[in-house]
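Shared chain: chain A. Partners: chain B in the first complex, chain C in the second.
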Partner chain A sequence: MSTMTIDNLRKSFGATEILRGIDLDVADGEFVALVGPSGCGKSTLLRLIAGLEEASSGSISIDGRDVTRLPPKGRDVAMVFQNYALYPHLTVRANMGFSLKLRGDDKATIDSKVTDAAAVLGLDALLERYPGQLSGGQRQRVATGRAIVRDPKLFLFDEPLSNLDAKLRAQMRTEIKALHQRLKNTMIYVTHDQIEAMTLADRIVVMQAGRIEQQGAPLDLYDRPANAFVGGFLGSPAMNFVKGILGSGLFLAEDGTQLPVPDGFDAEQGRSVLWGVRPEAIGPVDQGFSGVVEVVEPTGPDTQLLVRVAGQPLVVLMHKRMRVSPGDQMTLGVQGADIHLFDAADGRRLHL
Partner chain B sequence: MDTPFRSPLALMLRYGLLSILAFMVVCPLAWLALASLRPQAEIFQPVSEFGWHTFIPSRLTLDNYRALWNGDFPLAVKNSVFVAFMTVVFGIVVNALAGFAFAAFDFRGKNLLFLLVIISFMMPFEAIVLPLYVMIRAFGWANSYQALIVPEIANGMVIFLFRQFFASIPRDFYEAARVDGASWLYIFTRIAMPLSWPTIATSGLMLFLAQWDSFFWPVVAASAPDYAVVQVAIARNINFEQNDWGGLFASTNIAILLGTIPFLLIQRFYVRTLISGGIK
Partner chain C sequence: MISSRWTPYLFLAPALAGLLIFRLIPIVVAAGGSLTGVSLMGDMRFVGLENFEYLMTDPEFWSSLNITLLFNVIINPLQLAVAFGLALLVFRPLRGVWLYRTLLVLPMAVSTGISAVLFGLFLDGNLGPLNGFLEWIGIGAQPFHRSADQALYTLIGIATWKGAGYWMLFLLAGLYSIPSTVHEAAAIDGASAWQRFRHVTLPLMRKPMAFVLVADTAINFLFFAPVYILTSGGPSGSTSVLMFQAYRAAFTFSDIGRSLAVSTILLAIILVIVVLEFRLLRSPEERA
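For the complex of A and B:
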């Protein structure tokens, strides 16, 4: 059980600054997901925590102990790699017991710990096999098992599910969540898949270009993104954005279409803003703004529409079946509370 | 099997041609093997009157081998085996460590150093014989096993092979082991080396053959009879006055046969690869 504190952490490779001052506190037992587009520095941050890269400046403490300059083995962290990195010449049992053997545990201890972890992960029958004889999901479990047996202070996951197919990924996601609820270890999980982050994490840390854009509980971030980047990054299908300026109690799109603003919103008129709304917040109403249906995509439970509004396509997601066809005229509306306004220049959220 | 139809004529032509080629390669070796089993006097006799006697000896004898066995050839074989074995053992350790350093670490001057390694195996050995000999003399190693073994241990080609192989192992293996608490030496011995059997086999074979076939350097550095290696001993059978052809052929045969054994032992590693499986 342990906490972690990162203070003004920076990392450069040559002249390229990858991390530009990261501050992060992770509480005991917390599941933190680091998300962001590729190249945002989330994997580098994880590797710095693991000790696989050296920080340029700043500090990392685990349980109050400064580990910034310690090698990986001095940090008591376990890491699950994206491609699992199971040693191909060792059996599942030897792979899982590898770190314990290195630590000098006796054979009986190693055996019992490996057997326990194997039972938790349903690997009992596979212990004598070699990695080459396992399926993708089984390899993923062994990689997780290798981390579990150590009972480390910190679990680090580097996109552990991205090599699995969609169905298996969903299943393993649930398994990892169940595992965390059971072990209650502190876990840090890097992913570019925002669904994984939303479903697994107690807290999401959204990164971009080496900085933390926003952090908080998944639904808080989803409902109140601090800027247009976070709003656009979380959620699938992504948030719709329309460029325009503020009018008196309304928003004017570039082509002059009038769209509503959040209830009670009052700001200087003429300011350039981004009007954002999530696909599921838009729906057909009697009085609102009009659009022309361009694409209809029924997925079974939902219907996803592409509707041209204010000269640009908006994604509309409805949790029901719709009888519409391309070319149909629709009147759409959105609740004031579901509208997000961001500054057009720096993307900052303009209201609470 | 769904092999496409081939005309019998084309097949005949193909196998006929291949047979001729095979015959051309095997013939001298077969003749050598048979000649070594003939009495001295008969070796060249059938050549002048070409016929089936050219290939089939009238009488088989082991006299030539017996004479070899009683001479100093067994010592030469022993010397060669010892020198080659030591070179393989030390050579694999040293070159694999060097290759691992080039593959796994970043250090100042790494590229320059690696360039020198590559240049070293492009440099003809003859070009460095004199300085090397001067050095060996200065160490007081002339006419010793060290003189035969030590200069052959570090091998640019083998370092290159190991570096290429270790660089092809995903870094995640090394990093996973580091997070698990392994030292670099542990990673080298327990992760990198066990994965590199094919490279070890190839390198070992290269080091072995280089020593088994080496002639020039042993003549220069250790020409005393006590340290004569196989190739040197074979060459001793040739002189201007009188040639012991039977002894020459018999010793050549033994050199070839012994030199083939390591290859036969490890050839299965050539096609084997252990890398698969650990990574997705």
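For the complex of A and C:
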């Protein structure tokens, strides 16, 4: 059992408040991804959970025990750092066994735990090497191994894959997912890569400017973002937004182009809104709105188009090959259920 | 077009020439000179190992060698420890810590000669403020460099006052080069402050410490100006380090050959000790 509860947690550095009241409950065995743009306070939150920074106010409990004022040592959490933070003067074996040695385990216990973890992570052949003799991916594995030998209550990952190249990142992502399914430990995983968050997490927590914007299951957040920020943050290529006002059963873009609204949507006319639709939800139809193709980007399986609609470029993602060229006229359509309307002023979602 | 085989040497040539002219040739000349002597008529002649043989039988040389070794056995670890302690103190990001850093480094800017003169006044038995203070707190005045018992330690104190802040700079740079996340990883791994120092800071400071120890050793074996200015090797030869012997042989007894023999022995000792120090402070990775 290991749960975590964060209650109205705040953190200021000098006069600037970096975390502005975070409430978060993490269930036993849950994999929670913390996402948000750079500088929104993800690392700071993780460091507070680890005990590397002191909270300005609020509380953190792990397994029902208040750890807010405890040093890292008393919290039984493990952390994997972005730069791995391996001990450069120790072998892989000693790096992984360091925490066990500190807590006084005997040599045989340390050896067997390190050997087990090394086997899980495919590090067997590297145990006598020094960090300086390892590749980036191997260092990442050692950092993960150092965390798992301890069998901590809570795993914290701070952008652990962001220093790896794209291919290795995808591979390690799968490994981390497999690791979680095997260990079933509670994990909190910080990333600014929304694909990582979508693929790994049971639950995504989207942060912005020190606050939690929305949290929920990845696909729920993807399908029903609570505000324009979350809609724009999750998904790649990102959601398209068009500014305009509501008409009667339709949306009027700033240049007068008429676009559809969600089925059965009924709200005050003349209200300023943001019309949002994901790139893969738009496609060519017989009857719809028209646009002019500006850019064609074939990626192999997909074709990504930039189409000018209502005076602004929309990204259109087709999961097939398309024979179109810049300058072509297209008629596009979108299903009512795929349209998101947000308040233009505060970005709030306007419908269920 | 110059053949590519020679290009690297061409680029190295200026540095190698400097090394040759200012380092290697003087050493060879000195070593050669140590095999010469001056006859009563005043002309130089080859005497083989005569100078060395003389030194081996000269009790003054042996006593000087002892003093030099004692001086170094104390001063090098002491300066390293003091410099490390100071570096740890001013490493912490406290408000106004830059002031302390500056104060600690300032003695570097005082020339060795001037600092020796200043310490002469500071430690003076009649006028010196330190003795005034010691009397005031009831310890009583101390002779310092005027007594055979205290002179060597007084010189060690002066050299440390002047050197520690300088060596601290290198160690401070070393401390800054340890990534803070490594300390944090250790804290999360359950290390106390002391365990972090013992298992992270200390091993990761090997390289800067090795550098400081080796460079400091080379400098302290050549320690001379304060001896010359404050004690002239006395009282009763208690501070007559080998450098002072070499100086006296050359300029008091006009025996250049003997002076160069002392210098050559000094050089050999420094070489052996520096090699030992480097080995001592090798990282386990380099040993493997």
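Just so it is clear, the second predicted complex is superposed on the first by the 351 of 352 C-alpha atoms of A that agree within 3 Å, B and C clash if a C-alpha of one lies under 4 Å from a C-alpha of the other, contacts with A are read in each partner's own complex, and residues count from 1 in each chain.
Following the convention adopted for this analysis, a residue touches a chain if its C-beta (ideal position, glycine included) is under 8 Å from a C-beta of that chain, and two chains touch if they have at least 3 such contacts.
Keep in mind it's a predicted model, so treat the numbers as computed, not measured.
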{"item": "Partner chain(s) touched by A:Phe13 [first = chain B, second = chain C, both, neither]", "value": "neither"}
{"item": "First, second, both or neither for A:Pro72, with chain B first and chain C second", "value": "both"}
{"item": "First (chain B), second (chain C), both or neither touched by A:Pro88", "value": "both"}
{"item": "Contact breadth on chain A, by residue count: chain C or chain B", "value": "B"}
{"item": "Which of chain B and chain C A:Asn163 touches, first, second, both or neither", "value": "first"}
{"item": "First (chain B), second (chain C), both or neither touched by A:Arg139", "value": "first"}
{"item": "Residues of chain A that lie at the interface with chain B and also at the interface with chain C", "value": "50-52, 71-73, 77-79, 81, 83, 85-89, 98-99, 102-103, 130, 132, 146, 150"}
{"item": "Residues of chain C defined as touching chain A within the complex", "value": "179, 181-182, 184-192, 195, 199-200, 203-204, 206, 283-285"}
{"item": "Residue ranges of chain A in contact with chain C within the complex", "value": "50-52, 71-73, 77-79, 81, 83, 85-89, 98-99, 102-103, 130, 132, 146, 150"}
{"item": "Complex contact set, residues of chain A against chain B", "value": "50-52, 71-73, 77-79, 81-89, 98-99, 102-103, 130-134, 136, 139, 146, 150, 156, 163"}
{"item": "Residues of chain B touching chain A in the complex", "value": "170, 172-173, 175-182, 186, 191, 194-195, 274-280"}
